[in-house]
Structures are given as structure tokens and as C-alpha cells.
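Next up: some structures, all given as C-alpha cells.
Note that chain A is present in both complexes that follow, paired respectively with chain B and with chain C.
So, the complex of A and B:
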């Protein structure tokens, strides 16, 4: 379908604004409109809900910092997604890569990293988290090359394994669970020691904004340049378009498949480590809470552009913060918050497909 | 009486391309009307209009004097127009009768009565088909017969055949042309689409020549002159064409045969162990079993000397694809060894094979030879990107400049090196592949698999010109083709591949044509 076959209204509007910009904005507005209707249906005062939503996103330095931090995790997963996707690989395993990366970063931070010199105490757990994610992603690549296993299936199943291992690690005192002091002791790890936590960027003590945003910026530039300007990017694209023709041209397609998923996994694992060392400080089961899947959506909607990943990640980061505030301070049921987020995703995805398909041809 | 089918001023545009421009022609009952033209001349578009796949932008069609505006194949079939497509629409796992019943089953299936009708028809037209065999087990020629029976069962007024001879071995072409005559003799009209002149001479009552979407000539065969038909079709004189290009049209070449090799071949037949190290290619007892365990190549031994063109003749599907894939390093032989210039390359990866001086023009230009979505420049240098990399970054400008040089040298016509490969015509795509493969240094050996498939005569001319040029410089060439006439004109020796085995070897001379043809069909010479 092309722009020319889109509805007349859309076509007329497209004359004044570039459609790829306009359509997602319209989609968001439509989703928010539907969301307001849903909130009203639950009996929550609509104004209070909207105020809480706004407040959660940009109402305070805390809100802004937390939103950006959320965007960092989403951006890293999204960047990994577009990197692998350049080779026509779909990494669905972001969630598991985050979970494993966070778990191993926690273990390293709790088991000795704190006594390392200042910079290393932060860097070593981060690197360990990224390496773990890399292994978890690369494994799917090896399975694909050696056994022809579809990476969508393998990354998803590896995610379930990772989530359950994290669950086990915080349940078992032999692993990461904090020592039981009473019946009320929660199944979670000890707090990460202060030297292993990411330094914050803002002078305002209420802002949680940490150096993860700088790491994400570096990753954005690296992935963007690699995909758009390097020989590696051309080779990945070639492998994604035609394995056979690439192999004939002397490209080691199998190695590139493994590399692509390894990089995607490393970025996911790094996101997990950053979440733990940046803000959470305590490992709990399910701490990844959908960031991997939201990151996948961010990657999908960006159509391969690293800049678009950042924009989408920030958008979803703010949206999440607003949703959480709406839930906590306005009492909108969590299910409704999730539903509104889902609506936004579907409508934006739909609008991107509507406006983008014409460009593909 | 009105003609059976009359086309008046048909015009069809696709975007900015005018595929057909005011085409008029008519087909009578009892007539075989040949539609002649190069690839891209508009033949298939015309068929699609008649069969209702597309609708004309202007002009009119009349069938038996009545306006005929089919909006889909079902309309055309109902009006009595049947078509045999290049690609058959048969279900391989079903029997002949089951295939024929498909789409015709209203109410109760009467398989036995139906089978009887099939045999009746087959006898009437001299078509041998066994109604109970699985289509998957039939040869290409037999499948085509099933397709034709399928059409005739509808008792059509007009039978359209789109390039029916392209898929057939030489022996079966004669039978098909005879069938066309019989169908016409039964009071029907036959529209036969082809780009081979020799076939026209054998079967046509009238011939219409299309070039660039226009009718450039329409003659009754009684007063047709082959040379003027060629000129009409390709827009240039026969004498100006490479002899092989002329042969590819199915006319005798006017020029003398290809120049003899500059390099004097060593006597053939000495055992492999004592072969000189400089043999361009040695395949020693190559065997290949596919994943299903079927033996696709069996003890294939081939020696290609420098400056020699060895042709592999055979009906498609007799191991050519596997042979090509193994030499290109895309499949690993299950037996035997491969040497190029004395160096063993058995089971080596493609990059190493290329580095050893092996150029590959793959059979499948789209799946293996190039990547349609990538630019001409990227396609030309995909294996050599390192040359254009500084500090990990790709120097696009240097890449595009190098590509532009190659495009000029090999006459690749495109908007520029950034143009996606898929936007190029087939001939220009193939020239881009040639530019990449023939500029290897050194080029010890070249595999050219079906190098002219789907190309128009100008491109065929260019391809063989290039291949001959590298041969002059001492490259050994293995030429795989299903076009026997092309092989005879281009090769020094011809080996015949049948069911994965080399079943014969001949000097490439026209007098061996029949012997090679019968080897190709599995008969001992």
C-alpha cells in the first residue's frame, strides 16, 4: 500500500506536514482519546488521572530523570534489535538478556567488585552484564547457524529460561537471596554496595538521572555509524537480504549471524546491568517487567534508524513514568494503564506501517 | 467470416513504461500464428491481455466477431481461450487425472469416465500421457503435455502457448510443434509465442514480430524471409551479430565459427595423476548426494584446459545446478576432489575459491549472482569491501567511482552506481555480474552457468564477447547451458550430463547435434 492509496483525509493532511511525522502524532492523540474514555469508564476522575499522568512524566526533576533512565534501557534494547534486524534477524529475547545481564551484574557487584578502584567498581559489573547478554544472544545465533533454529523461537525460549533462573537466584540463599532475618524477609538480593552504583549526573539530589544516558548515547552513535557508514553494515544488510549471494561473495554469513545476535544480546545485558546499578539496586524476580518487549517495539517502529530508536525510547520512557504515576496517585487500575499503552503501540505501529510501506518499494 | 481473434490498437502501460503500443493482429481458425520478439518486447503482456490477467488501457479485442473484454482468466476460459504458461500449474504429488480434475469438479467426481476422456483426447492429438502417474515423476515434456491436455479438455477455440519450447529438450520440440499443427487442423486457432526463428519456419502460417511493444512486421510465412524477420526482431542486421547470438535466435550463423583458442590444448585422455599442473579445472570423480540421500552427481570427472571452453549439455535438472553450486563453494561434494590451476579447492569456502582465481557466473542471477535491493556498486564489490574501508568506515565515494569505471568498461547501463540492482534490465544485471567475475586477477577458471538465460540478443552478444575475450587470455571455461545450439557454437568440446553422470563427450561440431540430443534424453549414442 502506498501513500497514494491512503484515505483522502490523510492525503490532504499529508500535503501540509510530512506524513511520517503526522501519522504517529495523530495515532498517539487518538490512543490518548480512547484512553481518557477508558479511564472515565472505570469511574476514576478524568482530570485527576490526566494531571497525575503529566506530573509523572515532566512534573518534577525526579519524574524527568526517571523517565530518561527508563528510556535508556529501552534505547539499548532497541539499538540491539535494529542491529540484528539489519541482518534480517528478529531478536525477541531482550527481556531475558536484560534479566540475565542484571542478575550477573548484581552477583559481580555483591561478590567483590565493590572493593575495586572507583571506576572499575562500576565498570566491571556493567561489563559482566553485557557479556552475559552477549552469550545469551550469541547462543541463539549459534543455534541458528548450526541447527537452523529460528531465532524468534530460540530467543523467546531463552528468555523464559533467563527469567526463571533469575527467579531461582533470588529464592535461594545459596545464590543471591539476602540472608533471612525474619519471616517477612523478601526474596530479593542485598542492596548493591554504593561504589558499584552508577554516578548520577544532576546536582539536584532528587534527580535519579545517571550516567547510563551517556552510555546509551555512545551506543547510539556506535550502532548508527556501524549500520549506516561501515562495511560491516553493508555486509549485515547483504546477509539479511540474501544469504546465498553473500556467501558466494565471500562473506562469512554464519559468523555475521552470530555476531549480530551477540551484539543485540550484549546491549540487552548492558541495559539490565544499568537498571540494577542505576536505580533498582536490588535484584528481584521480574525486575525487567516488559522493558525487553517494549524495547523490541521501539526497535521495530524505528525502521532501522538509530536516531528514531532514541526518540521512540524516550517517548516510551516518559509514557511509562506517566502511567506509573497515574496508577499510584490517581488510582487508575494497572490493567487500564497497560491497556492504554498497548493502544498507543498498536496505533503508532499501524500508522508507521501505513505511511512507511510506500517508502519500502 | 470474422477472424477468430482480432486485436485492434491494444495499448498497455505500466507506470511510465508502455509495454504495448497500438498492437493489432488477428488469428484465424486452422491457423498457427507465431508471435516473435525478444525478451521485453511485450509478448507476455499481450498474452496476459488475451488471458484476462491484465486489461488494456486502449484498443479493442474481438473474439469471433464479438467484443471480448476478459477481467480474469476465468472469463477467458469461459469464452474459449486456453493458455499454456511457461511455468506449469500442476500439483506434483497428485496424479495426472487428479490434476486434470482440479477446478473442473462439479458435483460427483467420475474419475474413471474422466480418465477415459483423457485417453481419448491424448489419442486424438497423439499425446502420450499415462493418466495414473504422479505428475512429480513426469519429465518436463510430459508435464507440458498434461498442461496441453488440460487446456484441450475445455475444447477451446483458441490455444495460446507462451514460450513452450524454452523448457524442452531438442527431441521433444519437434513433437510439440507437430501438435500445434494438429490442434490448428482441428479447427482451432493457435497463438505460439517464441523468440526462436527456426521454430517459426517449421510451424507458422503467419508471423507477427513485436519490438519494444510495437508490431514491426506481420507476414504470411509463404513470403517470409528469415533475415528480414531477424532484422525486424532485433533491429539490426544478422551479419553484425556475434555468431553465437545469431545461433541463440535459431538461425544459422552467417559468420564463421568462433575463433579457435589461442592456446593449443594438450591431448585429452591422459590419466588424472599425470595431468599438467596448469589445468584450469580438474574435477576428479565428483559425487553429490542431497539431504534426502538422492545421488545427484555420480563420478563426474571433467578437465578444462587453459583457453578451452568445455560445454555441459543436458536437460535441466540432471545435476547442472548441483555441479555449479559445488564449484562455486556453495555445496560440499560427498565424493571426489576439485583442483583449480593445480591447487586443491575441495570443500573450501567461496572467498578462498575466488582468491584462487575462479570466476562464477551463477545459474540464478537473482538468488546467487546479485542482491536486487542493493546498489550496483555494492553488488560489484561486496566481496572486496575491505579495499574501500578506512578506519572501519566505508568510503562510499571511492566505491562508487570504482563501480562507475567497471560500469563503463562493461557497458552496464544504469542511472548510476547507486541504482538498486533490481532496477536494471536482465542484460545489464548480467553484465554487472560479468564485470565483477571477469575482472578477477588472476582469472584461472570461469564457470558460466546458463549465462544468457532470459537475455535479449544484444546482451547475449555482449556476454559471449566477454567470455571469448577472457578465453583468449588463457582462462579455462566450463559453460553449462540447456541451449544446445549455443553450446555447439561456443564450445570446443561438449560433455553430456544425464541423471548426474557424464554420458558422453563430443567435439562441438554441428554434425554431432543429433547424437548429443539423444544422449541428453538418456539414449545411448
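So, the complex of A and C:
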């Protein structure tokens, strides 16, 4: 987005608002404008489409709850991303970490966790999911420290392996597939038993909003404080700027690299466990589709701010829910939302050079 | 395995490897110049749609090919502007394009063809290679394919020669390994990187057109289905070397073909393990546990003059 070509009003605003705030807003408005134009081009009444969109986002307790739940998963992955990114590490593996976290949470919930006392029946699968994500993320850290493997490449490959393991687990009755009773039995797990499901927050039975949002809030504060206010945050930044210099200063750089990716993985795994225990209740191949990459984008666009991660995650969460509603009630393909989202990502990433963040490198 | 099964297996391995071979060969050039295109998937999907639309509208698969490659080039050019000139994060831009393209092609497909359309589009005629095509068993499998297969393979060899024997090939490696040194030696870093991404775009375009117009003669939503990512994994597993990348693509394609073939032969092994194999091998290879591979030093790092 070039400010010079914008309207006079925008130019006046640009004088008063800092560009790092303005650029994402302009990018979002431009992308939404294009989306509205496309909807108009299909011949659908624009107001009807927008009303359906709005209705899907905030028109019902179901819509609001579903949007926030979606935002919770994105926020957790995004927080993990900024944590690792503080040490100049790029975790592309969120998708695989979600998938594994969800799979292991399902396995633990179906194989015994339901008979645990009330709180533990929920907490144990969540912890197991987070631990699995941590291992999968930490593995990339160990490969980086021991073998010098670029973490972008290793986390990407680890993601594909995790997605295929999940696919495998729901195809095989020896693993997690529900027993075949007829030819129509779908390749998915049994439903998670009720005691292992996350308690909902609202008394309204139509609201899917669950305690995952509280876990995400805790994670936001923890990551935000750790990065901005703790010695750990400073050490991570030091390792990110120069491993050699930090080592001379007595920082254990290798351990920090492993730790950073382990934490990122744990948050991804927790996101997967929350998705399964919170709303999905049934493990299917591809349940994580898009969440990991959306979470990565949310993390990157936040420029390392935990608050911005939450804002971006909620925005993407509401956008997707609105798109689904628009397809159902106004007949506009939800694909328009993907298009808008992609455009926002590209425009914001492309405007980095204008807003000065590109100078950090 | 009967002769007939062997012929089917060889033909389907080649058919499934072909898009990977084309896309990975182009992506290898771009990565050796230092630009990783996560948008490879998006470029392929754009071309698959553009090719299908062009072929359907004009009735000529040749014009469809031009439309498809042209459309992929638009994505590639924008990717280059963003990742080279604007120094945006290559991964994010790539993921952004994949979202954008999936949304745009799905939207346009539904608007133009209607949802759930199974519109058959004109495809390429098979080219029967004289003599070789008449060989028993493998003749039809290997030498009665659409012309795009042979033209694509010729381009792949051309790319290897370009990288190995020309000054441009040397410049590409220099820019990917040490852009500052290359710049000081008078190499136009940005120009070489643009060229790399454009090559990736053309080859991904051919791959996409092969899938829709060359192979199954229709378009379906999201039909590239992760093959762009698989091509990137093949480049990694191939260690950024031409013939090894080709080998990786053939291996990946064969593994995919085997998952259809083995059940037909009554052999029950978990097919997910088979599809997973390429990624596990690639991971072991980059971790240095099988051989020792190292990516171009400047991969994914934007270059800026005067700043160290």
C-alpha cells in the first residue's frame, strides 16, 4: 500500500497515525473492498451478503462462540510462533503440531482418561497433546543445534509426516478408527467421552464457547510477559541476534534454541488438543487444515506482540465464520474469504518495507 | 506382477511424477538463487485453472497451455516483486498466495462452470513415439504420452545444462550462496533472483497445466492438493542437485502409484506409511543422517545493498 496514492483523508490520517498501525488497517480495508466488489460482480445483493456475513460472525451466540474458539487455536499457534521468532527461529510446523496434539489428546481421552476424576479427565489429554507438540517442535530444535538443519525446512517436513500419521491413525482400526459396523463407517475416531470434553463457559446450550479461551488468555499473558519483561526474553533476543556473541556472554544458546521451538510446539499441540476436546470431539484426517498456516501468519504479522497476535487471531476467526454463514444463507462461495485473507497477508507482508520493520535484518 | 499390471504401474508412476518433476526443476533454480517459493502450490493451481479455462473457452489445449503458464507467471512475478524488491518474508508471501489462489480459483470456477461441474475440457492428444511406442509392455506406458511430457523433460535437461555450463548458472549459485560477494563482483542480484522465480513460475505453470489439461481433462477445486509442497520437499531431498531432484520426484511419484497398485495386487501394507516415506527420507537427508545436504546459504534471506 502506498500512502502517496491514497486519498487526501487517508494522507491526513497518515500524518497522525504511525505507519505500522496504518498499513495493516489499509491493507485489510483494501482487501475487504475487493471482496465486496467480487460479491457484487456475482449479482448477489451486496447488502444481503454482508448481512449474512455479519450474522454469521456476531448474529448468534453460536456464531460468536465458534469464532472465538477458532481464534483460540490461531492465537496459541501465533503465540508459539512469536516466542520462537524472538530467537530468530521460524516455526513453520504449527499445522503438524496441532495435528499431533489433537491425535494424542484423542488417543488419551479414548483410552482411559475418561475414568479419571473430573478435572484430570480434561487436563490429562490436554497435557498429553501439548507434550506431543512440544516433542515435535523440540525435535526441530535438536536437529538445528546438533545437525545444523534449517528449522524452516525441518518443521515443514515434520508437518507433512504428522499429517500423514494422523491420516494413518484414523484409517486403521488397530489405531484410532472407530470399529467398522458397515461399509459406510467413516474413517474417523469414536466420539470423545463426555468427561474429557472441555467445559463450556456459557449457560446458553447453543454457545460452543469453552474454557479454551481462558487457557489462551493465560498463554497470552505468559508469553507476553516472558518476551517483554523477563531475562528469558532478553536471552532469546540475544541468541536471535548473534549466537556466537550470546555464547561468549555465557548464554547456553543451544539449549535456548531447543527450548524456543519446544515451547512453540507445545502451544501448537495444546491448540490441537483444545480443538478436539472443545468442539470437534471426533478425530478426522485433515482436521487441522489451514489452522497452522493461519496461526503462523497471525504470528508473523503481529511483529512479536502478544496482544497483536490475539487481535489478529480473533479477526481471522470471525472472518472465517462469517464466510461460512455467507455461503449458506446468501449463496456467495466462502472461497471469497480465503481470497480476502490471502490478499491481506500479501499486502501486509509487502508493506513491511514501508513501515520500517524490514530494517531489522 | 503381470505384464498388464506392470504397464499400468509404470504409466501411473510417470503420470504422478511428471508434475513434481516439472515444478521441482523450476523451484530448484529459484532456491539456488536464494528465493523459496512456498507459492509453488498456488502457481500450479493457478495454471491448472487458467489452462482448463483457456482450453475450454477456445477449444484448443495449446492455447490453454499458454493461458495456464501466463497465469502462473503473474503469480510468480508478484512473488518476485514482494520477495526480492520489497524484501517481504518469503514464507508468508507464499502462504498468502496459496490462500489467495485457492480462494480465487474456487470462486471463479463456481461462477463460470457452476458448483460440482464435471465439465470435460479438450485435452492434448497422446503422441505415439515412432518405434519406441511399439515396444511390448513398456512401450505404451513410456512412449505414448502427451507431448507436454517430452517437452517438459527436455526443458528439465535444459535447466540442468544452464545451471552447470553457463555464466548465468554460476551467477545463480553465487547469488544464492553469497549475494554480497556476487554483487561486488558485478552480478545483478535482483535480476538473477527475478529470473529464478520466473523459471519456477514457468515450470510450475507447465506442471499445473499437465494436471488439468494434460492428465484428467477437467478442473476440480484445489486439485493440486499439496503437490506444490511435495515438489519443494523433492528439491530438499534432491539436495538442490538436478538429477537427484529428478530421482526424488520419480521416487515420490512411484510411492504414490504404489499405494494404488499394492492393494490391487493383494498386498496389504498401510499406504500412509508409503506416502510418508518421501518426507521421512527428506528429513533424514537434511538432518545429515543419510548423506549430507546443505541448502543455499542465502535461502529465504532478502538481500539489501549496503546493510550487513
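As a convention for this text, the second predicted complex is superposed on the first by the 324 of 361 C-alpha atoms of A that agree within 3 Å, B and C clash if a C-alpha of one lies under 4 Å from a C-alpha of the other, contacts with A are read in each partner's own complex, and residues count from 1 in each chain.
Criterion: a contact is a pair of C-beta atoms (placed from the backbone, for glycine too) under 8 Å apart; a residue touches a chain by one contact, two chains touch by 3 or more.
All values derive from a computational prediction rather than experimental measurement.
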Fit or clash - chain C, chain B, common chain A: fit
Touched partner set for A:248, first chain B, second chain C, both or neither: first
Partner chain(s) touched by A:47 [first = chain B, second = chain C, both, neither]: neither
Which of chain B and chain C A:300 touches, first, second, both or neither: second
Partner chain in contact with A:238 - chain B first, chain C second, else both or neither: first
Which superposed partner A:230 touches (first chain B, second chain C, both, neither): first
Chain B or chain C, by number of chain A residues touched: C
Which of chain B and chain C A:339 touches, first, second, both or neither: second
After superposition on chain A, the shortest CA separation from chain B to chain C (Å): 7
Footprint overlap on chain A, where chain B in one structure and chain C in the other make contact: none
Residue ranges of chain A in contact with chain B within the complex: 225, 229-235, 237-238, 241-242, 244-252
Touch list for chain A against partner chain C, complex: 38, 42, 90, 92, 143, 147-150, 152-154, 156-158, 160-161, 164-165, 167-168, 171-172, 293, 296-297, 300-301, 333, 335-346, 349-350, 352-353, 358-359, 361
In the complex with chain A, residue positions of chain C that touch it: 36, 78, 82, 86-89, 91-93, 95-104, 106-107, 110-111, 221, 229, 232-233, 236, 270, 272-273, 275-276, 279-280, 282-283, 286-289, 294-295, 299-302, 304, 307
Residue numbers on chain B that touch chain A, as the complex places them: 328-330, 349-351, 354, 360, 362, 367-374, 378, 382-383, 385-386, 388-389, 392-394
